[in-house]
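Two complexes, one shared chain (chain A), two partners (chain B, chain C).
On to the complex of A and B.
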């Protein structure tokens, strides 16, 4: 019998099923990866196993089985749970040292010599030994996650459950988090269940569970999983049938194609699964815009923009420009200053220092912006939409704000709905829709007035792999057919691949700014963008 | 311009109607809440527990006790000794205790100074002291003194001295104030929370227009509630007098709601979440209501508070409303109230615009 056995666990909420009849087995020292879209049931299963929500079925750990949070109580000293969200378990005004004492005290740990050695070891591994007197609120996102991790390791749990511990964390801290985890699992014989949004991380785990719509649809080593979809993956070629999808130099098809096979990645699993389930992926086809506004050579030029909040420098003399018909990716971890920068460009935050030129005009006050508003499109973080209006009502409302004639607005809304593939959802409320649909329809809302530049703030965060891939298809299409410029922020380093040029930010400063080609040329050994950025992060420490 | 204004207004009203909880809260506040305030808040004594110790053997003492009848007083309860009576006052079973000691009847008959001892529970100060006033009147009737002065009362404006309609009206004014502030603050803060406010600021629309349209939508909701409350509760339930013009009242209410929406805008400017709106609204509204004269007349306040009350738009609104309802003041004489409300409103709007309505 395995150390951890989960049998037919079902979690249901008022209206929907969180996870249906999930089973898994794990042995001491193993790291199990959970991958899948938002809302596919990863967190529900994690919370059920941690014994913090009600569930049906049985979880058996070390010969003790439990069926409810109450029964799980006896095992709580063996379980460590770290919920999703950066710094969620931390208290902003407590220092690192106080956190460790606090978690040791509520766990009722004996604080003897061996505890102190273990504590020192954890602090050292997390690189926090020199920061024991710093308040958690003043740590960077990566440090917060490392602190959260060592706080949940303090009682030496044998079963560690981590819900997206690395999402939005800078690549270096992410690597360090994994080093801590590997080391602990090996030395303490801990079972770790880890969900992640980064496929490169999943590939390194002992086994991977693939979640889709509240079910586990595949579980195996990542190599076996990749091999299972090998026969469906081809080099990019024209699709001949319905059940086929092309993206990013690869084509996935259930029926055999006359094209050479290529080596798939874990992402391929999602595409093949979608094809197998007969989900038709909306066909995306962007048409030319109606107006003929010319896109200037230099759309945006920022010189030494600085933003200071109290004694915290959010942006430290950031300079960059955006040319006509260019997609620039603004990359960086959470808290690197990406959103602050975009908000300064848009005028939502005052600029403390520096000069800004938008569409050839210097911006000195809010009045200068008034005339430019009709040429700028903006999609904010988390897709700001009115929750109490349907998709159609939302779009009509925004069209009204732009004074677009009603007939033009209606036809344009219909056209975008078709082109961006959300036609079927026009009369739904935003909260009833998957994130991927909301994402596309926020972009449609930002494009209703046919702007010449689009500012997108984290549009791909939390969206599943397929929706993200399609979203990039849309952006490439818009760039090609409309010839407009796009500035997009993201914390997925791998998305740099889709941009023309990338600007990398760290702790409020720009640390790299180059075209994708030049970056690849400068780092011939790097296998992925992830690695290129890791080098920048290391050298600019 | 017009189209944008109506689009925003329509959208806000639609959003309001679609949130069942909010609609229910507004309807409740304008009907049941006001009815409860009118029926429930009593200044006159009602159902007062009376206890007594009678060592005289009855006679005058019983005659006095028969004057203490329902609905003001419950039937007086007899205790055997003063200790027992004191204990029951201690245990909050009795509010007013009367002690007729042995010499009371004799002294009274002989025309000497008879002494009636009264024990009062002063934690319920107003009820027990009004009871004391009643008792003094009763005792006065018994002494058949030939006073050289007779009082002849003429009640003006509110002939029945009925304070139910008065209480209901005061509550209506407080409800208007609270709701308009919270509703307005919430429509702005909800947009801030969801990030749609940033999108709105980036639309090629004058932010002032957006703010005006959004405030107007909430003012309309409150005006609808006021009509509801007037029809069903203030006039329907409590038969409040209306000596002035209802239109003057509605106009004053409209202007006042707009001013208070300015307070809401101010609250929205300083809060980041709906929870903070609740906290700030209470911190800001409580002094405004205290200083307005809703609960204590302005002339009875400390001189400093009297000065401060000039900054409470609610003060002008309450004085104006009472003038319209009870005194029937003419339109032209209401001007000071209208201008007070308008001036304070304009100031608040100016601040709100600056704080949340502009790009940098």
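On to the complex of A and C.
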């Protein structure tokens, strides 16, 4: 018998099923990956196993079986749960050290010498040794996640459940998180169930479970899973039939194509599954814009922009420019100053030092910006949507805000809904929809007034693979048909490759600014852009 | 119950209260409300602006005017103007009362004839108007009595000799401030407690409770004890504000006041906690608590109207909320001092204990250690 056995677990909510009849087995020391679109049931299953939600079926751990949260109570000292959301379980005003004491105390741990060495070890691994006096609210996202992880490791759980611990976390922190996890699982013999949106991470796990619409549709090693879709993956070619999907460099088709096969990645699983289920991915087709605004040669030029919060320099003389019809990726670890920079460009933070030119005009005061507002579109990190209004109402509201005539607004909203593929969701509330749809209509909202430049702050965090692929189709479509410029921040290094140029930031300073191609040429050993990123971050530390 | 675990949670709660500055609300709000309302609510009338039109200008009419002038209830001005002009002034809110003494006042009085004094009162606020009317009547009757004695008429057969018990001076402060304590100690702890659990739900930190071996009772104890301790200080602060600032007498047992107040704070906290358990958003929890506590707190604390004059639904409602029982004991300790010798006080104490137990058990019952 396996150490952890989950048998036919079903979690149902008022309106829908979270996860249906899920079963899995795991042994000590194993790391099991959960992958799937959002809303596919990963979190539901994790909550059921952690005993924090009512479920049907049986979970058996270490010979003890439980069927409800109440029965799971006796095992809770062996279970560690880290729910989804950056710093979700942390208390903003408590310091790192206080968190560790608090978590140790509520677990009723004896704080003897061996505990203290273990605590020091965890702190050291997380790179938080020097920050024990810092309040959690003032940590960067990556540090928060590392702190959450070590807090859930303090009581040496034998069953560790981590729900998207790395979403929204920069590559470096992500790697450090995995180092901690690998080390602990090996030395403590812990079973770890980890859901992730990064397929490179999933590929490293012992076994991978693929979730779709509340069911586990595949479970195997990542290699076997990749092999299973090999026969559907081709080099990019034209689609001949309906059940086919093309995405940069690769084409997935159920019917054989006259094209050479290529080595798929775990991402391919999602596309093939969607095709197998006969799901037609919304067709994305961007039409030319209505107004004929000229996009200037240089859309944005920042010269030595500086932002200081107290004694913390968030942006230290950052200079960069954005040309017409260019997609620039702004990359960097959590807390490197990307969001601060974008907020300064938008005038959400006053500029402490430096010069800013937008669309050829120097920005000196709020008045200068006012005239440019109609030419700038912005999507914030946490899509600023109104929860109590439907998608249609939200869009109409944004149209009103930009003083677009009602008839124009209505026709534009309809057109975008069709073009960006969220036509079917117009009368839903944002919280009823997957993140991917919210993201698309947030972008639509930012485009309603036909801006000449778009600022996007981590629009793809937490969005599933297919939705992300389509999002980039949208961006490229917009760039091509509208000829506008886009500045985007992201933590998916694979997305950097879609950008015309990337700007790398670290600790508030710009450390690289070049095309992806040129960067690859400068780092011939790097296999992926992620490695280039890590190299920059490590070498100049 | 694992004491160490509770202690850790309590320490965390206190640290958070301090660092989020919520502690300011704990100590500022009750005293502030007490002061605002204590100074703000005025039932009795003093210094009513009175315009006296003396059309007689005689000895007796002057006796009457001087009575008004020497009373602290009136700010009297004597003027010569027509009735119409005077009414115009009351309309413009330049005066509250008009007293018109007819021209043949003294003559008719000496002849033993009936004489009519015209009195106009601004009755925009009925209670205030009634009070003013009574005062005016009092002054006039008093003058009339003295006058009739002077004129050698037989002394009135019946005179009133009334004594007001417990609040001899009929001071507003004495009547209102103890009731306000009942209101404040119902609202402030409840709002704080309402935030405690729902805040963790909204932030997601509630997972720490769900995922740990902490029991429901331990969790609730850890949540309630720190705020109970913090609010206990308010019992003394409010006592000082009432007795020193408002000069309310304190005639009963301080121990009774103190212990009942602790019990009452516990009830208030558990009401807030119950709301915190069933709601999902902080804003909903706060609004709900404010509605549930402030309205009955005001209506049934005896500030606005005495419970004994309530009938029907309001009588039943008054008995449903804890505030009535507590304020009864409050008024007793402040103004009367019977204490536990009164059977009613004993009964009310038992009811309060029962109330606390029911609320706490309901909280434990409804609190679920799982996601919804």
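In the analysis below, the second predicted complex is superposed on the first by the 486 of 541 C-alpha atoms of A that agree within 3 Å, B and C clash if a C-alpha of one lies under 4 Å from a C-alpha of the other, contacts with A are read in each partner's own complex, and residues count from 1 in each chain.
Definition applied: contacts are C-beta pairs under 8 Å (C-beta built on N, C-alpha and C of every residue); 3 or more make two chains touch, one makes a residue touch a chain.
These figures come from a predicted structure and were not determined experimentally.
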Touching partner for A:342 - first (chain B), second (chain C), both, neither: neither
Chain B versus chain C as contact partner of A:366, first or second or both or neither: first
First, second, both or neither for A:80, with chain B first and chain C second: second
Partner chain in contact with A:387 - chain B first, chain C second, else both or neither: first
Which superposed partner A:101 touches (first chain B, second chain C, both, neither): second
Touching partner for A:47 - first (chain B), second (chain C), both, neither: second
Residues of chain A at both interfaces, chain B in one complex, chain C in the other: none
Touch list for chain C against partner chain A, complex: 2, 4-5, 7-9, 11-12, 15-16, 19-20, 203-205, 207-208, 210-214, 369-371
Residues of chain A touching chain C in the complex: 47, 50-54, 69-70, 73, 76-77, 79-81, 83, 85, 88-91, 93-94, 98, 101-103, 105-108, 135, 152
Touching residues (chain side chain B, partner chain A) in the complex: 3-4, 7, 11, 14-15, 18-19, 194-196, 198-205, 358-360
List of chain A residues in touch with chain B within their complex: 343, 346-351, 365-366, 369-370, 373-374, 376, 378, 380-382, 384-389, 393, 397-398, 400-403, 445, 449
